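What follows is a short report on a single structure.
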Amino acid sequence: MAGFTELLLQGMSIVLRAENLRFLLKGVGVTLELSLEVILISFLLGVALGILRYARVPVLATMAATYVEAMRNSPMLLLILAAHFALRLTAWNSGVAGMSLYTSAVLAEVVRGGLNSIDRGQWEAARAQGFRYVQILWHVVLPQALRRMIPPIVSQFITVVKDTAYVWLIGVDELTGRAKIIMGAHAEAVIALFFTIAVVYFIVNYVLSAMARSLERRYWARSF
Amino acid sequence: MMAAVAAAILVSVLGLTACSSSSGGSSGNGKSLGQSADAIQKRGVLKAGVKIDVPKFGYKDPGTGKIDGFEVDLVRAVAKKILGDPNKIELTGVTAKTRAALLDNGELDLVAATFTITEDRKKSLNFTDSYFTDGIAIMVKKSSGLTGLKDLDKKKIGVAKSATTKARLQEKADPLGVKPEFLEFDSYPEIKAALDAGRVDAFSVDGAILYGYLDDSTQILPDRYSQEEYGIATAKPKTDLAKVVNDTLAEMKSSGELDQLKQKWGLK
Amino acid sequence: MNPLAWWRWQALFENRAIFLQGLGQTVLASALALGLALVLGAVFGVMAVSPWRLPRWLNRAYVEFTQNTPLVVQVLFLYLGLPYAGIMMPVLWVGVLGLGIYHGAYVAEVVRAGINSVHRGQLEAAYSQGFNYFGAMRHIILPQAARVVLPPLTNQALALIKNSAVLAMIAGGDLMYYTDSWSSDTLHYGPAYIVAGLLYLVLTLPLAWLTTNLEVRLGRGQRGVA
């Protein structure tokens, strides 16, 4: 145990140098940028896929279902590597693509669940008012469903932030990748580096999950 | 004294080549270096893949965020040749795994990243002539008492994925009746960390790369198990670009600039 | 240079033993890790609803820290860090420990939700029948909670199998590791990733189907994700 503590403290004096901290902080920016891009693309795709399945559009619904099941049941790491080495996308794009393939499938299920949670009676009521299918979906059902989807989407966002820790593998220098670069010159700081980035990820995600919880409380209160 | 004279001569030679190459290769003089070079001139920047975690060859300095090293200087020389300005470069960090893919999809013009020239690789990429010769070496902990490949029977050797190391070492180990276990990692820092932690008994890659990781508790064994020639790689169809890059290297070799650079980075 | 050329598939078929060996390691690591996750999850889940503050606090610390940091960072930390604490365990056990701890936190949340779904009045009723806290938990609350937690638990098992690919980062000899290693040696990326993907789906799809089925039968909502 002595070796461990000693190494941690010794490594910390390297990690906490201003230049190394600044370098890692920029990595947090890259991590967040990548996560945002993934969650936005996945959300748009997820809404489209979720609606296709909810509305039971012939053929397209089956295709959407196949996509969703195949993607959300595969390891994200595999999708990222396949995007890079098999599809030959650039490093950044394969990170975005691999993660979005997976995340959009998960969000499609969130969207479908959200839509299903809206009382079918509302359809009857709106139809009685003379609204058409698309109008009801767009103006009545979707807005209510989206509100209920916010907490699971935020929690998926946290998952995305965590999973960006895989993309250094293909050469994106996000937080974990930058920790590895510092490791290149200071192998002795390895324990301190992993400890530090774990704390940084924790802070970022804890803030996000605290936001999710407060949203959940607010909307939970409103929907009853 | 001799060294100082030699250095002075090298510096003056370097100065001359710098002048001559800037007048001969600048983009404005109308002499085309080929279609691929034209495209780079039009873009105004040379896109190159280099290592970012290998001290001395290509390393991203956490202090400045800048990537520097011997191979980065080679890229600068090529940029000077094609664009007339050694600073018109855009560097991307690559690993042994990613470098070929990034050339194939056209994201990079060239890769200078401790890339060993092999017959197999020549089938899918163009390589310049060698600019650096190195051999696979083995790093162990001083306290381990290991002295060479013969001691590594049933020991764990950490190597990088997609590197030539595993195959070459295996060839040398077989006649000795030595059967090491190879563990493949994604980057060098992890292998060094695994060696420090005792997860592997040896860290094997090209010697010059190992020197970047040498510290008080480790040593590099004297034997070299192969001869690795590093070349700058370009995508297979761009033979015209390959020629420009190769010419640049040849000029640097004959002028002594290449040796000068090796000295600058402590690789001689 | 067709990436999906027939001879590449043949090469993969000839080397199928490598992939099967990796698959075996993936299954083994996942099964052991699931066991650990269930034990940790049950213990920490019960702690979450404890009448005492310390266990509740321990539960929060464990769940929050584990769920908010990347699995790959945790696993690398264990792999490279434990030897300095004098613990040199084989890589399989590092993987099992990392995956088990990570998913244990999710299981703990599932167990907590399950216990909370059982009406609190039942605990009081059990007390009045002479049960103490542990007896009431064991005989009254947990059996009822078990039914509620089944679908999310199968879902956790599924997520765990997918996440076991993290072993590739520490030379863990799993399916992802050999897929990566073999394909970067031979450059047959296309067939390698397709086959690996299908092998993972063989493991995960039955669990996905089971989850949906249990959800329908128990009238639950959508699945959570890890």
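In this document, chain identifiers A, B and C correspond to the written order of the chains, with residue numbering beginning at 1 in each.
Operating definition for what follows: contacts are C-beta pairs under 8 Å (C-beta built on N, C-alpha and C of every residue); 3 or more make two chains touch, one makes a residue touch a chain.
A quick note: this is a predicted structure, and the numbers were derived from the prediction, not measured.
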Core chain by centroid distance, with centroids computed from Cα atoms only: A
Please work out which of A-C and B-C is bridged by more C-beta pairs in contact, and write that pair. A-C
Could you grab the centroid distance between chain A and chain B? Build each centroid from C-alpha atoms only and quote it in angstrom. 36
Quick one: report the Å distance separating chain A from chain C, using the average Cα coordinate of each chain. 19
Chain B to chain C: how many Å between their CA centres? 41
Multi-partner residues of chain A (at least 2 other chains): 85, 169, 190
Which residues of chain B are in contact with two or more other chains? 97, 186, 190, 193, 196-197
In chain C, what residues contact two or more other chains? 76, 80-81, 84, 169, 180, 184
In the complex, go through chain A and note every residue touching chain C. 1, 3-4, 7, 69-70, 72-78, 81-82, 85-86, 106, 109-110, 112-113, 117, 152, 155-156, 158-159, 162-166, 169, 176, 190-191, 194-195, 197-198, 201-202, 205-206, 209
Contact footprint of chain B on chain A as seen in their complex: 19-20, 22-23, 26, 84-85, 88-91, 169-171, 173, 178, 180-185, 187-188, 190
Residues on chain B engaged by chain C in the complex (per definition of touch): 96-97, 100, 124, 158, 161-162, 166-167, 183-186, 190, 193-194, 196-199
Of all residues in chain B, which touch chain A in the complex? 52-55, 59-60, 62-65, 92-95, 97-98, 101-102, 104-105, 107, 186-190, 192-193, 196-197, 212-213, 215
Within the complex, which stretch of chain C touches chain A? 3, 64-65, 67-74, 76-77, 80-81, 84-86, 158, 162-166, 168-169, 176, 179-180, 183-184, 189-190, 193-194, 196-197, 200-201, 204-205, 208, 221-226
